[in-house]
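Following this line, the structures themselves.
Here chain A shows up in two complexes: once beside chain B, once beside chain C.
Here is the complex of A and B:
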């Protein structure tokens, strides 16, 4: 059990900067998810915590001790890899025991830990198998087991579910989360899947091009994204963005529609980007300002996704009750509640309200 | 493609049998000759059936060798060959697996330079560099020794390349997982790389053992003492060209004996050998 602390962490390869200064504190027992598109530096950051990449600038501390110069094995962390990285020639038992043997632990203590972990992960019957005789989900569990038996200060997960099929991924997601809760081990989890990130995280770090765009709880990020990037990344289907002009507390959209906003400084004015989540539009609300010409409907049962074009230009996706009858080609009047409007500065992409 | 045409099957089989006959016939004839009286072979009355001495010639060959001109007993020559083939095969595997490990898993100055240096030696077979090599071996006083017979043949670019290609298929994550598990370079080599290379090593061992066993030119140069004769070169020494009669029955028995160890190695290692060439265990 420990905290992990990153201070001004930077990484460059030669003159190319890939991580531009990350500050992050992970509390004891917390699960922090780093999410971002591929190439944003999230895996590099994790590997720096693990000690597999050198830190160019800044410090990383585990349990209060700066570990910049420590070898991975001396950092007391355990890592779960995307492709599991199990030793192909060793049995499940040996895979889990290998790290402990290298630390010179007593045989019966190793045996106790491995069997306990196997029990927790329902691997007890598979201890003599080789990794190639296991299914993807089972391999994933062995990789988890290898991390658990170490009883480390922190778990590091590098996209551990990406190689699984969709159904198994949802199931393992729950299992990992439960296990992490139960063991109470501080964890850092990297993924590119925002659903995985939202569902698992105690706190979320959204990374973009080597910068942490926003750090907060999943609901904070959903409700008040700090930038256009975070707004577009969190939530599925993603937020609609419309160009607009802010003046005197009212934002004017293309086609002459104007919507009152609150939260923005009354004096603020200028070119803005208006963000509206698909689930926050209300069909047929009184005084509905948006007129949507329906082009495509995806019926998911409980809800329907409406793709269409706004009068006055711009595309919009709306998510509405699945039982409402709507025909393709019809025009739909949509209202937006003011508190669900997101305003971003057009140039900088930063949040205004 | 599944075809069922009796005629083409028949033709295919006929061709295969012909091929087998062409390969097997000389071997069979050698075997037949090795069981006959020497006179029958020389007279040309030998025929195609095994003669009346099923074992005598082999016993003579193994323990005394040819008599017309005195040769080393075959058992001793086989011993020499075995030492040479084993040292070459094991030495080559040991040296090349270590150098490939260094080239693939470590970052050190001039890494690629060393790799290419190894690679370039592929273009210099033993025959091309035989004079300088001989000179060095002779200056070091290693003529007529096992060391002189084997050490110059141990370096192997081919095996190094083969191991390098295999090591490149080991995922980086495995190396990193081992690092986190506290395995240093030596431990990783012993606990992960060596067991994973098992089939590759077996395949190489078969090829290199036969390579070592069949060496002719090099033993011819560095050994002059008959007691150091290897069997492949020794057969040549048994054949007299001018003033005496060759003991053909003994030569033939020796030839049969010379073929046995490579055949044995191939049979013993066949399963691993095929596995090593076909699949990479991952």
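Here is the complex of A and C:
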């Protein structure tokens, strides 16, 4: 158990910079998820913590000690790989025992730890099998087992669920989170899946092109995304973005609609991007400012997703109660509550309100 | 894998016919000829032929020079297999590391394989020729009385070197491909699991390479038994005093030069049986310990 601290961490390959200075502090026992599109540098960052990639600039400290120059084996971390990286020629037992044997642990202590981990992960009956005789979910658990027997200072997860099918992924997500809580081990978890990120994280780091766009709890990021990128990345279906013009505390949309906003400085003015989450529009509210021509309806049962075009131009997705009757081609009047309106500077993409 | 079920038997037979034909004409037919020949004795002028059952074999097993060729082959094949596999593995492990000029390095390592055995033999012969050879001079200057033309051990060392040198490229290629097919994350996982480079190699990399190593062992044994004829012929002619006369070279020596076709055929049959036997043993006992 330990803290992990990243200070001004940068990474370049030759002259190409891939990570532009990340600052992050992970508290003892905390599960921090790094989420972002592929190629944003999230895996590289994790591998730098693991010691598999050199750190170009900045420092990484585990439990207060800077580990920049330490070999992976001397950092006391355990990593779960995307493809599990199980040793194919070793049994499940040997896979889990390998790291302990390398550290010269006594045989009976190894046996005790491996059997305890197997018990926790329901692998007790599979200890003699080879990895190829296991299902995807079982392999995943062996990979977890290999990490937990070590009782390391920190767990590192590199997209551990992306090779599983959708149903198993949801199940394993819950299991990993439970296990992490139970063991209380500081964890850094990398994924490209925003649902996985939201559900698992104590805190989230949204990365984009080598920069941490925002760091915060899932709800903070959902309620107050710091940039257009975060706003679009967090939440499903994604937030709608409409071009607008801010002046005197009122934002004017295309087609002459104007909506009052709060939170933005009264003096602020200029070209903005207005963000509205699909779940934050209310159909049929009195004086509803948005007129949506319905083009497609997806009925999910409890709710319906409405895809359409606004009268003034621009596309919009709305998420409404599934029991409401709506016909394709109809025009729907939609209201937006002021507190659910997100305003971003058009040029910089930064949040204004 | 998808299976196609044919209705009749005509088409499948037709489809495998070329393969069967090639095997029949170029393997079974000559092999049977050799077996038949080994039961015959011809006089020196080829005018009379007598069927003698196992007389050729009986004669062979009474001949001390045949046991000598067996011993020579055993030493030769073990030395070549160990040397060429070991060095190739070492070179492949080096080449697998991300180093500058790795491409050039690999191409250069490939070249010996493109050299014909006889040419390779001549090349080594020149380098180690006692009075002319560049490397022979070096050895002499080091105080070693190097003379493969007179000293049987020196001659053996020379053919072993030449034969291994030629086979290393081939082994290297397969080892390199084998190394590159091992997922990098496995090595990384082992590094995090606290294994140093040496331990990673013996506990993770080498076991995963074992199918490749096993395949190469079979190929190399067949190589030393048959394909090294050209090297032996070019470098030592089996000499001095039969010190490098391998079994395959003796087949040639007795049959082609000695005119003893029956005896030579009997030797080929025995050689064939030995190689088939060795391969079978390898598959039965070593393959079990190989991790696929």
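Quick notes on this structure:
Throughout what follows, the second predicted complex is superposed on the first by the 353 of 353 C-alpha atoms of A that agree within 3 Å, B and C clash if a C-alpha of one lies under 4 Å from a C-alpha of the other, contacts with A are read in each partner's own complex, and residues count from 1 in each chain.
Methods note: contacts are C-beta pairs under 8 Å (C-beta built on N, C-alpha and C of every residue); 3 or more make two chains touch, one makes a residue touch a chain.
Everything quoted here is computed from the prediction, not taken from an experiment.
Annotation for the three-chain superposition on chain A: chain B and chain C clash.
Of the two partner chains, neither chain B nor chain C is touched by A:226. With both structures placed on the common chain, the touch criterion links A:31 to neither chain B nor chain C. Contact with neither chain B nor chain C is seen for A:110 once the two complexes are overlaid on the shared chain. Of the two partner chains placed around the shared chain by superposition, neither chain B nor chain C is touched by A:253.
Once both structures are placed on chain A, chain A residues 50-52, 71-73, 77-79, 81-83, 85, 87-89, 98-99, 102-103, 146 are touched by chain B and, in the other complex, by chain C.
Residues of chain A touching chain B in their complex: 50-52, 71-73, 77-79, 81-89, 98-99, 102-103, 132, 146.
Of all residues in chain B, those touching chain A in their complex are 171, 173-174, 176-183, 187, 191-192, 195-196, 198, 281-282.
Those residues of chain A that touch chain C in the shared complex are 50-52, 71-73, 77-79, 81-83, 85, 87-89, 98-99, 102-103, 146, 150.
Listed in rising order, the residues of chain C touching chain A in the complex are 183, 185-186, 188-196, 199, 203-204, 207-208, 291.
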